[in-house]
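Paired with subunit B in one complex and with subunit C in the other, subunit A is shared by the two complexes that follow.
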Partner chain A sequence: MNIIVLVKSVIDVELNIRVKDGEVVKDGLNYILSKWDENALEAALQLKEAGDGEVTAVTVGPDRAGEALRKALAMGADKGVHVNDPAAAGSDAFGIAKILAKVIQRNAFDLVIAGRQSQDTDLGATGPVLAELLGVPLAVNVIEIDPKPAGGKLNIKRKGDVGVELIEIALPALLTANDSLNEPRLASLRGIMAARKKPMDILTLSDLGIDPETVGAAGSGIEIVEFQPPPQRAAGQKFEGEPEEIARQVVELLANEAKIFA
Partner chain B sequence: MELNGILMTFTLTAALAVFSYSIGTKLRLFRRMAPENRFDQPLRRLGLLFRIGLGQSKLVGRERERSSGAMHFFIFWGFMVLGLREVIMIGEAYSPGFQEMLPLLGSDSIFGFLYTFVYNTTEVVVFCMVLIALYRRLVIQPARLDLNIEGLVILGLIMGVVVSDLFYDAARFNLINAFGHNEIHFLDNPVYGTEMTWAPFASLLASGIVGWGETLNAGFFHLGYWTHIGVILVFLNLLPITKHAHVITALPNVLFGSLDYPHAPADLLDLENEEAWEKGALGVERIEQLTWKQGLDLYTCTECGRCYDICPTYVTKKPLTLKWFNDSLRDHLEEQSAEIRATGKSDGKRALVGDVIQYDSLWACTTCRACEEVCPVSIEHVPRIIAMRQAQVLMSEKYPKELNATFRGLEQNANPWNIGYDKRADWTGGLDFPVPILTEPPAGDFDVLMWVGCMGSFDKRSQKIALATATLLHKAGVRFAILGNAEKCTGDLARRSGNEMLYQTLARENVDTLNRLKVLQVVTQCPHCLNAMKNEYPQLEGRYEVFHHSTFIAKLVDEGRLTLKPSLEGSVTFHDPCYLGRYNDEYDAPRSLLAASAKEEPVEMARSRKESFCCGAGGGRMWMEETIGTRVNEERVRQAAETGAKTIATACPFCMTMIEDGINQSGRQDEMQVKDVAELVLESLA
Partner chain C sequence: MIFTEEHERLRETVRGFIEQEINPHVEEWEEAEIFPAHEVFKKMGALGLLGITKPVKYGGLGLDYSFSVAFAEELGRITCGGVPTAIGVQTDMCTPALARFGGDALCREFLAPSIAGDYVGCLGVSEVGAGSDVASLATTARKDGGDYVINGGKMWTTNGAQADWMCLLANTSNGPVHKNKSLIVVPMKEKGVVVAKKLKKLGGWSSDTVQIFFEDVRVPQSNRIGEEGKGFTYQMMQFQEERLFAAAKGPLTLQLLIEETIEYTRQRQAFGQSILDNQVVHFTLAELRTKVELLRALTYQATERYVAGEDVTLEASMAKLTAGRLAREVTDKCLQFWGGMGYMWESRISRAYRDARLGSIGGGADEIMLSIIGKYMGILPKRPAGEFNAMPGEKEPAKEAAKEILAAPVPAPGAGD
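Let's look at the complex of A and B:
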């Protein structure tokens, strides 16, 4: 099975994200592989280990995205593709999906797996748009994959709003991964050593035959006008005294202030 | 009445040939195992030999084991004394009066007579000790000993050695005195008298058997002699092939013991060596990858079980019984010996972890070193466990998966919880004075760097220790700074859990930072940080004077820079953190602080100081689930409760967490509390 995994380098959101003049202050920030992408990669690696095939990790982004890609290779992806072109910066989900579609369509593939959203923008759109561009069926928020495809179909479970859907999806297809899909492995020493020798294609937009005007900030239908820092969480309230008294106070506050019974 | 020299030559040659073959086999095996230089610093090594070997310090030095230790002391010294006796006895077979040829041991010197008295008395003492040993094994049956035939046979042989010599001497004396065999050699001096007067026990026995007549006495003379020689030679040849090789290997094992304190740090693996990881040569995943000294360790263990009943995993019923751990490895090494000697490799049919020893055994160890502290023959248990964990993590990727989240946190944000690294100095918000953050090499503005550690930086409870320590330093007028966000986990937990790659990454980054900032002195309230920085960073060219906060604060109190007035009410006991006590030999400073802060005289737990009982967090265990047996921390709290103490004082944030959890889990939260010594000192400032 030929599996493509989409990966993205994102700001480590464990850090304090500071905003100054409507821009995120980059100083002191670290970048990591987006966590749902790790689930996507883990799923791909498990599928490969259950049968056979090849896992290709693809990313679009600046130089630092290469580190995320290297991490994916260290975790076990067989090869990497890095679209590194300044003209791609500022793309919206549609722009990124267009670039990814061009990369993916260069070769035959059976399955594309993405994170259900990226950890920084939380948009969750790239996967679905890409499925549309590739013209393949889509299942988002996947929580379980039966590693044995049968009759060109894959049995999966996805988490819906109110329940779990059991789906048979025809390959080739695109899935996006929920974080309960699996427990991603750590890059082992063996993996890190091996990753150094794995092939990594670095491509520009012109290599892919993409008109720079159609992607990046130039081709984007949306513009981020300003970043605002998240609101400070208000301090919690501590109750003291007899349990009955505390319970009475809490119920009162829940009813009158939080209005949860309204 | 002659002894047969030809028979002696034959017997001796055969026995020594077999013995040399056995020993040679072992030496050839050790040569195929991993190399290690244990021939350095001969004077310090002789110090080990005298203290631990000849002085038997681990046997008689321990209060809990003093009686059995004394028994062993006498048997050991019995062997030393009787060694010379064997030379004399064998010589007599060739040349009656051989003893006269030996310097100082002939009739013309008092020493020969004194030696007679000593060996004769020793034989009786050894006889009595063997009886005690038999009584312990057969009647008392201490938990740490297992009854086996081999042990009884060895004791029987020892008894045979001394009894046969007593009969030989007794019969000899009778043949000379009563039956006129003056051709038999004996010591005789006009001033000192004859040998008989110096051998009270043999003479006593002689008077008992003199009435049996000349023939029987002549029989005992020969029988006693040849039985003695035979038993000695059988004993000699049984040793290398049984579990009692320690009679031969213990002294070398002590001599080649680790000189590093507390034991040699884990190997600084060359992780960039591609050949090494392709060959599976990182850490130990095959028995021959142990060093020759670790091989010697395996053969030296005599299953006395001291390691076993001191181990926190034994007390809490986990599948790490150290003497069987050693035993399984030794049996495996023995089984693979021929293969290793021939090809340099074991056959690999049985996996070292999984088949030879259990996976759960390897991961149960808290690296507390209690086993090494009590081992009478200097067996280094912990380094080989770490080496085996290294192979498990680096090569096989088999380890408790709970560690993944911890490793990820260390990788991304240099702390086990993966909290943003930029929040590391947030705890200083709880201080009412500013703490400088060191970013440039100090220009004489700072005396010491306060190393906060992950617990002090991020853990709510441990932050109070950091706050107390910082406040004390401030009040004493110490000029100190912190690294702030540039500080990273020292890597201790990664190294103990076998993740050498992660350890080296973190440690190298810290060493780079500290060296760039020209840090010379460090004070830390975490014994794990202390141990890593003091004992392991030198491997990476990080050399600093590192103090535990208890040591540092005690010094400030001694210098009068902090004045204390006892304020703590109720009884208090001190829990020794393993990495402070056994790893870094600091037992007194925290106790002195405790004594100065508490109104009552602190009480000691049954397991304290060198034999302190681990809280259960060491060796990365803090980050693994404890699903087998009972909980180590609850056991420790139970031990503390036995003293009646209301406060458990400790000096390690990990111990603090474990003990606090133990108090809560056992429902003692209304009766007991746990405090760091720094907190107690702060509360008692005059």
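Let's look at the complex of A and C:
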């Protein structure tokens, strides 16, 4: 099975992100592989291990995105494709999906797996838009994949609005991964050292025959006007004393100040 | 700078492993006074973490020592001192000499499974009557036919309760104390190896430490690592990595303890302000953090030179000394700011305080480090015997050992195979 995994380099949100004059302060930021992408990659690796095939990790982004890609290679992806073109910066989900579609359509594929959303923008749109551009069926928020495709179809479970849906999806298809899909593996030191030796294609928009005006900030339908820091969480209140006394105080505050029983 | 993207990635893997496989169990292991070394090492072996600098042909990665230092530093995230010590024994204390000087068959039998995590190793150097004064140890290995017959005992042996083999330093002749010793691999299941008792310690509870006796233990002479009579030299060399490793474990542990102390003192109120707002508190923490960075810089500098193939006995000793002392200072001062909470047995800082005390004792006490540094400075008075001064009529052993090491036709530290 020829599997494409979409990966993205995102700001590590575990660290404090500072906002100044409507912009995120870039100094001291740490970039990581978006966590749902790790689930997507793990799913692809498990599928490969259950049968046979090849896993290709694809990213669109600046130089640092190459690190996220190498992490995917360290975890076990066979090769990488990095679309690195300044004109792609500022793309909305539609722009990114257009670029990814061109990359993916260069070769035959059976399955595309993405994270259900990226950890930075939390948009969750790239996967669905890409499925539309590729003209393949889509299942988002996947929580289980039966690793044995049968009759050109894959049995999966996804978390839907009202419960878990059991779906039979015809290949080629696009899936987006929920974080309960699996426990992503840690990269072994052997994998880490081998990553640089694996094939990695670095492409520009012109390599893909994409008009720069149709993607990037120029082709984006949305514009981020400014960033605002999240509101500071107000200090909590600590209660001390005997449990009975604490319970009485809490109930009193909930009733009289928070008025939750009103 | 010595660190690359691959080092960062290694740190990430170690971090993930600690979060998933170690820290959730630390409380339980502290309680049990032992951790399941075979189970933990097997998983580490699968990730390649037990053979970072070891030869490729025995399953290692053949990387240079900077990777071991990144690994050791990241072990500082473990919320106890015992487990990092036990790991360090496996990776950097009982295996370096075997990897460098051991014969092929011996390496296949003991090194390869230790890198894979199937075997747990321990180091048999210290004895009841010989701790830092290694040369005075009394365990003997007498030749009998094709075997050695070992008698004596070892003390404070980390991993000893569950180890499969020991890298034993014993006297193999009656010659001068620096030339009569050999390193011998002793399978712990051998008849006559008696694990006398698990020792009760001030700290490091997750790690099992034992006293061991040898009563006519027979091992083939082919279990000797390298040449006979070179044991002391090999061990001194092995100590170089042990000391770098011990120093590298320091900075992140201490940094995290300082961060936890900041968090705690920021929230804790007294006399109408947070504890942290007292100048004596935040100034002290600022100074400790500075010292941690100095330790880190010295450790990295020593690593860089070691990787370049230089003798770093001096810097490694300085870094080990600093790590031991600074760990005591940081844990003591931080514990003070935690007040009554810090004095509680179950608090993180109280465990760190107990565990940190070992740093100035194990792997060569502070005083040994000071002697080495003094020796290099040319200010150590002549004494009749000891690790750093020659026996009367003997040449200077440490210098001689260094010369022999540099002249030996062996792979450079960390070279692949």
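FYI, the second predicted complex is superposed on the first by the 238 of 262 C-alpha atoms of A that agree within 3 Å, B and C clash if a C-alpha of one lies under 4 Å from a C-alpha of the other, contacts with A are read in each partner's own complex, and residues count from 1 in each chain.
Just so it is clear, a residue touches a chain if its C-beta (ideal position, glycine included) is under 8 Å from a C-beta of that chain, and two chains touch if they have at least 3 such contacts.
Treat the numbers as computed from the prediction; the structure is a model and nothing was measured.
K.L.:
Does the subunit A-based superposition show subunit B and subunit C clashing or fitting?
P.N.:
Pair status: clash.
K.L.:
Determine, under the contact definition given at the top, whether A:Ala74 touches first (subunit B), second (subunit C), both, or neither.
P.N.:
A:Ala74 sits against subunit C, while subunit B stays out of touch.
K.L.:
Quick one: classify A:Leu15 as touching subunit B (first), subunit C (second), both or neither.
P.N.:
The first partner, subunit B, only.
K.L.:
A:Gly28 contacts which: subunit B (first), subunit C (second), both, neither?
P.N.:
first
K.L.:
Kindly classify A:Leu130 by the partners it touches after superposition: subunit B alone (first), subunit C alone (second), both, or neither?
P.N.:
It touches nothing on subunit B or subunit C.
K.L.:
First (subunit B), second (subunit C), both or neither: which does A:Met193 touch?
P.N.:
Once the two structures are laid over each other on A, A:Met193 reaches both partners.
K.L.:
Hey, which part of subunit C ends up inside subunit B in the overlay, 98-106, 368-376 or 404-412?
P.N.:
So the stretch of subunit C colliding with subunit B after superposition is 98-106.
K.L.:
For subunit A, give the residues common to its interface with subunit B and its interface with subunit C.
P.N.:
Residues 186, 188-190, 192-193, which sit in both footprints.
K.L.:
Over in the complex, which subunit A residues touch subunit B? Could you list them?
P.N.:
Residues in contact with subunit B: 12, 14-16, 28, 30, 32, 183, 185-186, 188-190, 192-193.
K.L.:
Over in the complex, which subunit A residues touch subunit C? Could you list them?
P.N.:
Residues 67, 70-71, 74, 186-190, 192-193, 195-196 of subunit A touch subunit C in their complex.
K.L.:
Of all residues in subunit C, which touch subunit A in the complex?
P.N.:
5-6, 9-10, 12-13, 16-17, 20, 46-49, 52, 61, 63, 67
K.L.:
Taking the touch rule as given, give the residues of subunit B at its contact with subunit A in the complex, in rising order.
P.N.:
271, 274, 277, 282, 394-395, 397, 401, 404, 407-408, 411-413, 418-423, 485, 501
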